[in-house]
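Just so it is clear, A, B, C, D, E, F and G label the chains in written order, and each chain counts residues from 1 on its own.
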Amino acid sequence: MNSTILQTATRYLLPILLLFSVFLLLRGHYYPGGGFVGGLVASIAFVLHSFAFGTQNTMKLIQYKPLSLIPIGLGVAAVSMFLPTFFGYPVMTGLWLEEKIPVIGMIGTALFFDLGVYFVVIGVVLTILFTIALNKEEE
Amino acid sequence: MELILVLLIGILYAAGIYLILRRSMVKLLLGIMLLGNGTNILIFLLGNIIKGKPPIIDPDLKVFTDIYADPIPQALILTAIVISFGLTSFAIVLLKRVYALLGTDDLDDLNTPEEEDI
Amino acid sequence: MLFTVLSGLITSSLIVPFGRFLKTKWGFILAFLPVLLFLYFTKFVVPIGQGSYFVQSTAWVPSLGINLDFKLDGLSLLFALLITGIGACIFFYANAYLKGQKYIDRFFGYLCLFMSAMLGLVLSDNMLLLFIFWELTSISSFFLIGFNNDQEDSRKSAMTALSITGLGGFFLLAGFVLMGNIAGTYNISELVDKVSLIQQHPLFPLIFGLVALGAITKSAQFPFHFWLPGAMKAPTPVSAYLHSATMVKAGIYLLARFSPILGGNPIWMYSLMIIGGITMLYAAFHSLFRTDLKGVLAYSTISALGILIFLLGLGSKEAVIAASVFILVHALYKAALFLITGIIDHETGTRDLTVLQGLRKVLMPVAIAGFLAALSSAGVPLTFGFIGKDLIYEATLHAAPSLFLYLTIAAVATNILLVSAGFMAGIKPFIGRLPEQFDHIHLPYKSLWIPPLLLAILGVIFGCFPGFVGDWISGPTANSILAQQEVFHLKIWHGFNLILLLSAITILVGTLVFISNTPSHKKLVWIATFEKISPANIFNACAHEIELFSAFFTAKMHNGYLRSYLLKIILFAELLIGYQLYLGGPLHIKWDTLSPVSFYEVTTVCILIGAIVLTIRTSSRLTAVVATSVVGYAICLIFVFYSAPDLAMTQFTIDTLTVVLFVLVLFKLPSFLNLANRRTIIRDAVVAIIFGMLLSMVALRVLHEPTTTDISDFYGDYAYVLAKGKNVVNVLLVDFRGFDTMFEIVVLSIAALGVYSLLKLRLKSSDKE
Amino acid sequence: MTLTTYFDYVILPILTISVILAFIRLYKGPQIFDRVIALDLIITIGIGIITVYSIRTSQEVFLDIAMILALIAFLGTIAFSFYLEKQSNDD
Amino acid sequence: MTDITLAILSTIGALAILFASIGILRMPDFYLRLSVTVKAATLGVGLLLICAAMTFPDVSVTTKAIAIGFFLILTAPVAAHMIGRAAYIQRVKTWKGTTLNDLEKEGQLDCRKENF
Amino acid sequence: MIDNQIIATVIVHLFIAIVQLMFWRKSTAQRFLSVGGSILALILAFKLFFKVYDGEILTMNAANWKAPFGIVFVADLFSSTLVLLTSIAGLAVSIFSCVGVGRQRILYGYFPIFHFLMMGLNGAFLTGDIFNLYVWFEVIIISSFVLMTLGGRKSQLEGAVKYMAMNILASTFFLTGIGILYGISGSLNMADLAMRIPKIQNQALVEITATFFLIGFGIKSAVFPLYFWLPSSYHTPPSAVAATFGGLLTKVGIYALFRVFSLLFIPNHFTKELLVILAVLTVLTGAFGALIKTNIRRLFSYLIVCHIGFMIGGLGLYSKWALLGAIFYLIHDIMVKTNLFLMAGVIRQLRGTMDMNKLGGLYAQYPKISLLFAIVLFSLVGIPPLSGFWPKIYLFKDAFQLEKYAFAGALIIGSFITLYVIAKMWAQVFWKDAPQPEIIEDKFAKMIGYRKTMLLLPVIILASASLYIGFNAEAIIHLADRIATQLLDTSPYINAVLGGQN
Amino acid sequence: MIKQFLMNLMLSFIWVALTGSMYYSNFLFGFLLGFAILWIMNKNEADQRYFYRVPKTVSFILFFLWEMIVANVQVAYDVITPKFFIKPAIVKYPMDAKTDLEINLLSTFISLTPGTLILDVSEDKKTLFIHVMYMKSKEQFVSTLKNNVERRLLELLR
C-alpha cells in the first residue's frame, strides 16, 4: 500500500508506539500495563510499519528474524524464574534489589520476567503476522 | 446488572455453539472466539465484580483501604485471553492452509479418503 | 514341578537365538526334553497310586492371590504323563516329519511353549495360574495351526480357533474371578472346602456357565466344535498332539478338576450331558461323510470329547472311572492314527480316502500300527479300547432309571459310528490294491513310524494288563475327580453280561457300517448342503453381522462431519447439565443482591448482542469479522466499567491483532455459502439456545452463592508489602501466579512456531514420515 | 445538579446513544466500508466514554486504556483498508 | 467556575460526537459518512479529554490527556484517508449529487504496485 | 516439605526446548539435545519416583507463596508415577524421532515442540492448582496441534481441524468449570478446594460443576459420546507424534478425571453409574471401530478408545480394587500404546504403508523384529502373564463384587475383540505374503546400522518395560495399590499441601 | 532555532523547579516567561525566526480550531436538519508541499477540517485528491485552501 500519508505517519508513530510499549512494560507492576500489553503494543508498531512499507522492509528494519526473539524472551523469563533456586528459594520466588532505581522503581526478578514476556509477545506476534504476510507475497 | 451479564453469558455461549455447528470453518473460528469471550465473562462475573475500583493500590498507600475488584478472575482471564489468542491465530492460519490445499472452507469437505502419504 | 514348566518355556525362548541348531542333524536332541520330563513324572506314579499328592508353591503375585501353586495328583499326573509321553513321540516324529522345513526352529519353539503351557495348566493349583496357562495354550496353538502362514486357509483356521477358544477363555476368567470373589481364594484345593458356599450362591449358575463355556469351547463341543476340523490345517504332528491328545482335553481336564467344586448338581449334570450327548452323536455322524483322513479323525475326536463331557456330566463313580480310562485310551489310539495319517500324507502327498488303499504293501509297520490303533478305537477285546468302552456302557447302564436307556442308546450309537471312523482311518488306507501312483513309496525314517507303532502297541499292552493301569493311573485320576480315595480295579473280563453284548453289537454294526460306507466326494457334497444351518455357518453369519453392525455403528457415530460430532458432544453436555440443574431444584432470583442497572452498561450489552446477531446472520466473512471485533470491544468496555483496566487493554490489543490476522488470511476466501437447510438451522439454533440457557442458569445459581474472598484479600494485603507491586493483577501475573504466565508465553511461542512451520514447511517427497 | 449527575444523566447517555447510532450503521452496512468506518467511530466514541467514565469514577488509570485505544485502534481500519483495496469483487 | 467550564466543554464534546453518529447514519454515501464522522468525533473526544485534564489536578493526567488527543489527531486522518482511498479504488459509488470527480478521470489508481 | 526437584523434569524439558530453539535449523544438535535431555529427565523422574514411593507427598510452593495463595506443585505417588512413565515414553519417542522423523520436520521445530509437549504433560501431572492445570492443558493441546499439522499434508490438516475444534471445546468446558468452581469456592488450589467443597451449602451446584469437568476431561480422554476427535486424527501425523499422542494425551485426560473425581468431587451414586455406563459404551464403541479398520493406525486409534473404557469403568466402580486395576491399566497402557504407534512407524519404514491389505510377509522377512512386535501386541491384548492381563482381573473382580455385570460383559467383549483384531492384524501384516511384493518400498533395509538401532531401540525399551510390568506384576500392583490408597484417602495430600492447617 | 526552543524549554523547567508546583499552568507561565526573556536577549541576533514562528504557530492553531468549529457547526446543522445542503465533489488539488512531512501535515489539517477529506496522493506526490462536501466552485475551493491553509503551513515549516 503505497500511501505517502500512511508512511509518513508511521515514521512518527513507530517510535511513539515503541516508547509507549516500554512505558507500559516498566510500569506494569504499579499501574495497568506490563509485559503482555507492552509487547503487544510494540509488535503493533512493527505491524503498522509493515502495512506502510511492506513486510520485507520491516524485516530489514528489525534485522533479526522475529522468531529468534522467542527463545531470547523465553530464556530471559525462564532464567528469571529459575534464578531463585540458586539462592535456595522455590522457583519463581521474587528477588528484589534493596535500592530503588529512579524511573523504573524496584528492580527484581519479576521485572526481568515481564521483560521476557515482552520479548516473547513481540516475537510471537511478529512471527505470526510476518510469516503470513510474506507467505502471501510468495504466493 | 448481574442479570444482564448472566443473559449475555447465555447469548455468547449460544451464539458460539450455533456458530461451531456451521459448516464454514471461518464460522467455526468465530464461534470458538465467542465461546472464549463467554467463558471470560462468566469467570469475570462469578468473581466479585465491583464498579470503578480497579485492584491497584493507591500510590500513597501500601494496602487497600477501600473495597476493590477481585484481581484473581482478572488474572485468570488475562491468561485465558492470551492463550486463546495463541490458539486462534494458529487456527486462523490452519484455516488458511486448509483453504489453500483443499480450495474450500467447507468443513464437510474434510473427508478425503484415507491417504498413505504422511 | 515349577522347573518342568519352566524348562519348556526356557527352551522355547532359547530357540530364538539358537534356533539354527534344530536345522542340523542333531536337532532330534530336543526330543529328549519331553522324554526326561516323562521319566520325571513316572517317578510319581507309585506314590500317587498309593494315594498321596504333591504340592509346591512359590510366591509370584501374592497380592492378587496368584502364586505359582502346583499340585500333582492323579488327574494331573495322567495328563502330565500324556503331555510328556505323547509329547516325546511327537517331538521325535516332528523332527523327521519336518526335516528340511525352513521354519523348523519356530515350530519347535511353539511346540515347547505349548508343551510347557499344557503342563502348567494341568499342574496349576491356582485358578488364575491355570487361566494363564490356558491362554498360553490358545496362543501357542494359534501359531501352530497357522504354521503354514502363507496359506490363507491356515491363517483363517488359526483365527477361528483362537476366536473360539479365546472368547471361551475370557468367560473362563470371568468365572474364575467370580468364584474367587465368592470363595475368597483362587487356590483350587482350598476351593474344594468351599463347595457349599459356591454352590449355594445365587450366582452359581453364572459361574458354572462361564466355566463351562470356557471348557466346551476349548474341547470343541457342539456348537463350538467347528474350529477343530479347521485346525487340521496345522502340520500333522500338531494335530496329533494338540487336537487329539492334549489341548482339546484341557476343557475335559478343567471340568474334571472342577467337578468336585461345581459338580454334583442338576445344572452341571444336565447341561454337560446334553452338550456332550449332542456333540458325540453329531460329530460321530459327521465323521461318516469325510473323505479327508484328517477330517475323519477330527470329527471322531470331537465325538470322543463329547463322550468325555457326557461322562463327566453324568458324574457317577462309574462314569468318572470310564472317563479316566477313556482319556488315556483315546489319547493313545488317536495320536497313533494321526501320526499314521501324517506318514501317509508325507509319503503319498494325499489324505484323500477315496484314493488311498493298499498301502500295507509299502508301509507295513505303519499298517500294523494303524491296524492296532483302529482295533483299540473299535474297542475290540484285548485292546485298551475295549476296557474303555466297557466302562462307558457300564456308566450309562448305571445311570438313573429314567435316563439309562436313552443314554445307553446314545453311547452305543456313537460308538458304532466311531468304530467305523476308526477303521476308516486305521485300516482303510492299507487294505485293497495298491494304486500305481504309490508304487515308488518307501518306508520312511524310523523316527516317523516308530512313535505311532509304539503308541498303538501300548494300547494293546494296556488292554492286556488293565489292572495295572487302573491301579496306578486311571484309579488315582478318578479319585482326584471324585475327591475321594477308592480302589478301582480294571479287569479284562467281566463275564458274559449286557455290557459285553453291547460291545459285540457295537463292533459288529460298526464294522458293517465301515464296509458299507465307501467314502465318496458326493456324500461330502451332500452333507455340505446342510452346512447352511451348521453352527460354523451360524457363527460366521453372526460374525459377519457383527462386522456389518460395527461398520454401521462406526460410520453412524463417526461419520466424518465435524459438526455432527460437535452436536453430539453438545447434546450430551446439555443432557447432563440439564439433569443436574433439574436435580438442583427451582431457581429463585435474589433481587436484593444484584447491583443497579445503568444505562451505559445496558447499551453496551445491547450492542454486544446486536453484534453477535450480526456475526451469526451475515453472509459476508468480513462483516462477521467486524461484528466479532465489536463483540470484543464491547467486552473491553465491560471490563472498563467493572474495574479491570489490564484486561481491557489486553482484550483491546488482542482483538485488534486478531482483526489484522483475519484480514490477512481472509484475503482469498470466498464468501459464506448458505449450506444449511432450514431444518438444520432450526435444530442447531434450538440446541444452541438451550445450551446458552443452561449456562445462564448455572451462572445465576453460582451468583447467588455467597462468595469467599479470603484469597483475594490476601493478595490485596501482600501485593505491595511482600511482592513489591501495586497493580495486583500484574503482581498476580508475574509473582503469585507467575507460573501460569510462564507457560502461557510458552503456549504463545508454540503457536508462533506452529504458524511458522505450517506456512513455511513444504515436505519433499523424500521427507515423508 | 452536581457534575457527577450531569455526566451520568446527560453526557454518558448522549455518548451511548451515539454508539447505538453508529452501531446501527454498522449493522445496516450496506457495504463493508460503511461498517469499517462505523467500527472506527464506535471505538472513537469508546475513547470518549472511557474518558468520561474515568472522570466519573476519579480513576485516572482508565485513561491509560483510552491512550491505547487512541494509539492502535486505527490499525484495524488500516488492515481493513489494506484488504479492501486488494480484494476482488466480493462482499 | 471549573464545573461550568467542564459542563460546557463536555456538552459540546458529547454533542459533536452525537452529530458524528447521526451523520454516519444519515449521510447518503460512504464518502460523506466518512467525512462527517472522523473530525466531529475527534473534536468531541478531544473536548472530553480536555475535561479530564481539568478534572484531575496531576500533570501526569494532563499530559496523558494531551497525548491521547495528539494520538487521535495523528491517527484518525490517516485511517480515514486509508479507508477512503480503498473505497475509491474499489469504486464505491458516490451519491447522485456529487458534482465533480477528478479522480475518476485520472484512473491512475489501477496500476498501483502491491507491496504488502 | 519444599522441594524444587518436583518440577525438575518440567524445567529440563523447558530448557531443552529453549536451547533447541536457539539451535534452530541445526538438526543434529537438536537430536543430541533431545536424547540427552530425555535421559536426564528420565533420571530425574526416577529420583522423584523413589523419593515419593514410600508415601511421602512432596510439595513445592512456586514463588514461595504458601499453599492456597500461590501455585503449588505436588508430587504424590500418582503424579510421580505418571511423570516417570511419561519420561520413559518420552525417551523412547525421542530416540525414535531422531531417525523416524524427517529432516524437514526437525528443521521446522519438531523437537522443541515435542519437548514443550513433554513439559506440558509433566506439568499437568504435577500441578496442584486447577487453573494451572488448565494452562498445562493448553500447552499440551497447542503443541499437539502443531505436531499434528507439522508437515502440512492434506490428511494431517483435515485431522487437525477436527482435533482442534473438539479439543478447544473441551478446554472451554474445563475453563467454564474453573470459573464456576472459583465462583462457588473462591479458591483454585486443589487441596484447598477439597477442603472447601464439602462445606458449600448448595451441593447441587457442586455436582453441576463436576459435570463441566467431566465433559471437559471426558473429551480429552475420548470417552464415549465425546471421543470423535481421536479416530479422526491419530492416523495422520508421523508415527513418533502419533506414539506420543496415543500413549500420553488421552492419559492426561484420564489422570485429570481421576484426580478431580477423587480429590474434589467424590463421585456420588449418579456419577458412578454414569461413568460405568459411559465406560461400557466406550469399550463397545472402540471395539466395534477396531473390528472394521484396515489401517493399522486407525485400528490402534479405536483400540485406544476401547481401552479408555476400561479405565473409566475402574473410576466409575470407585472401589479400591477397581481403582487399582484402572491405575495398573493406565501404567500398562502408556507403555503399550506408545509402543504400538512406534511399531506402526517401523512397519511403515519396512513396507511404506500401514494398510493391512497391502502389508504382508514381515514374519518371513524379519522374524526377530516380528517377535519383538509380538511381545508388544500380546501385552496389549493382555495375554497372560503380560502386562494387560493383570489389571483386568481387578476390574473383573470389582465389576462382579459391585454387581456391574454390564461392565464385566464389556470387559469380556473389549478384551476379546482386542484379541481378535490383533490376531487378524498379525495374520494380515506378519503372516500373509505381501500381496504386491514388487512395489514394496523397504527403507529400513537400506538404512545403516545405527539408524536401524535408533528405530528399534525405543520399541525394545518399551517392550522391556511392558515385560517388566507383566512379569513383575506384584511390584506394579503394590504401586497401584498405594496410588489407589492415596486417591481414596486424600487427607495426606491435603495436609501436605496446606501444611496441616486443618 | 532548535537551540532556542530547547533553551526555552529549559527555562520553563527551571521555573517549575523554582516554584515547586508542577501544574501545567505554571509550566505554561514559565514557558511564556522564558520566551519573553529569550526574545529580549536575542533582539540583536540575525536569526529571529524562532520568535516569529511561535506566535505564528499559535495563530495557525487558533485559526485551525476556529475553522474546525465553524465547519463542524455547518456539518452538524446539515446532519440534524432533514434537508441536505451538501454538494459533494472529488477535487484534484495541486500541492506546493514537497517533503513527506509537509504533505502529511497538510493532509492531516485538510482531513481534520469537516467537509474535506484526502482520498489519495498521486504517485508523483504533486497532487492531492480531496473529497469536498460543500463545493461552490472548484477554483474557489482550491484557492481558499492554497491561501488559508497550505501557505500558512508552509510558512511555518520552511
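The rule is simple: a residue touches a chain if its C-beta (ideal position, glycine included) is under 8 Å from a C-beta of that chain, and two chains touch if they have at least 3 such contacts.
Chain by chain, the UniProt names read as follows: A = Na+/H+ antiporter subunit B; B = Na+/H+ antiporter subunit C; C = Putative monovalent cation/H+ antiporter subunit A; D = Cation:proton antiporter; E = Monovalent cation/H(+) antiporter subunit G; F = Na+/H+ antiporter subunit D; G = Na+/H+ antiporter subunit E.
Since this is a predicted model, take the numbers as computed values, not measurements.
*Asks:* Chains touching subunit B (Na+/H+ antiporter subunit C) and subunit C alike, please list them.
*Replies:* A, D, F
*Asks:* Tell me the fewest steps from subunit E to subunit F (Na+/H+ antiporter subunit D), where a step is a jump to a chain it touches.
*Replies:* 2
*Asks:* What chain lies closest to the overall centre, CA atoms only?
*Replies:* F
*Asks:* Taking each chain's centre as its mean C-alpha position, how far apart are subunit A (Na+/H+ antiporter subunit B) and subunit B (Na+/H+ antiporter subunit C) in Å?
*Replies:* 23
*Asks:* Just the number, please: Cα centre separation of subunit C and subunit D (Cation:proton antiporter) in whole Å.
*Replies:* Computed value for the inter-centroid distance: 70 Å.
*Asks:* Give, as an integer number of Å, the spacing between the C-alpha centres of subunit E and subunit A (Na+/H+ antiporter subunit B).
*Replies:* Once rounded, the distance between the two centres reads 30 Å.
*Asks:* Taking each chain's centre as its mean C-alpha position, how far apart are subunit B (Na+/H+ antiporter subunit C) and subunit D (Cation:proton antiporter) in Å?
*Replies:* Result: the chain centres lie 21 Å from each other.
*Asks:* For subunit D (Cation:proton antiporter), give me the residues that contact two or more of the other chains.
*Replies:* Expected reply: 15, 17, 19-20, 36, 53, 59, 61-62, 64-65, 67-68, 71-73, 75, 78-82, 84-87.
*Asks:* Where in subunit E do residues touch two or more of the other chains?
*Replies:* Answer for subunit E, listing residues that touch two or more other chains: 15, 22, 34, 38, 42, 71, 74-78, 80-82, 85, 116.
*Asks:* Can you tell me which residues of subunit A (Na+/H+ antiporter subunit B) touch two or more of the remaining chains?
*Replies:* 1-3, 5-6, 9, 13, 16, 30-33, 36-37, 41, 44, 47, 51, 67, 70, 74, 78, 91-92, 94, 124, 128, 131-133
*Asks:* Pairwise, which chains touch?
*Replies:* Applying the touch rule to all chain pairs gives A-B, A-C, A-D, A-E, A-F, A-G, B-C, B-D, B-F, C-D, C-F, D-E, E-G.
*Asks:* Within their complex, state which residues of subunit A (Na+/H+ antiporter subunit B) touch subunit F (Na+/H+ antiporter subunit D).
*Replies:* 67-68, 70-71, 74-75, 78, 82, 84-85, 89-94
*Asks:* Give every residue of subunit F (Na+/H+ antiporter subunit D) touching subunit B (Na+/H+ antiporter subunit C) within the complex, in rising order.
*Replies:* Against subunit B (Na+/H+ antiporter subunit C), the touching part of subunit F (Na+/H+ antiporter subunit D) is residues 131, 134-135, 138, 141-142, 145-146, 149, 151-158, 160-162, 164-165, 168-169, 172, 175-176, 178-180, 182-184, 188, 235-239, 295, 298, 348, 352-355.
*Asks:* Note which residues of subunit C are touching subunit D (Cation:proton antiporter) in the complex, please.
*Replies:* 598-600, 603-604, 606-607, 610-611, 614, 620-623, 626-627, 629-630, 633, 636-637, 640-641, 643, 645, 648-649, 652-653, 656, 659-660, 663-664, 666-667, 670-671
*Asks:* Would you tell me which residues of subunit E are touching subunit D (Cation:proton antiporter) in their complex?
*Replies:* My answer: residues 3, 6-7, 10-11, 13-15, 17-18, 20-22, 24-25, 30, 33-34, 37-38, 41-42, 44-45, 48-49, 51-52, 55-56, 58, 60-61, 64-65, 67-69, 71-72, 75-76, 78-80, 82-83, 85-87, 89-90, 92, 114, 116.
*Asks:* Which residues of subunit B (Na+/H+ antiporter subunit C) touch subunit F (Na+/H+ antiporter subunit D) in the complex?
*Replies:* Going by the criterion above, the answer is residues 20, 25, 28, 32, 35-36, 39, 42-43, 45-47, 72-73, 76, 79-80, 83, 86-87, 90-91, 94, 97-98, 101-102, 107, 110-112, 114-118.
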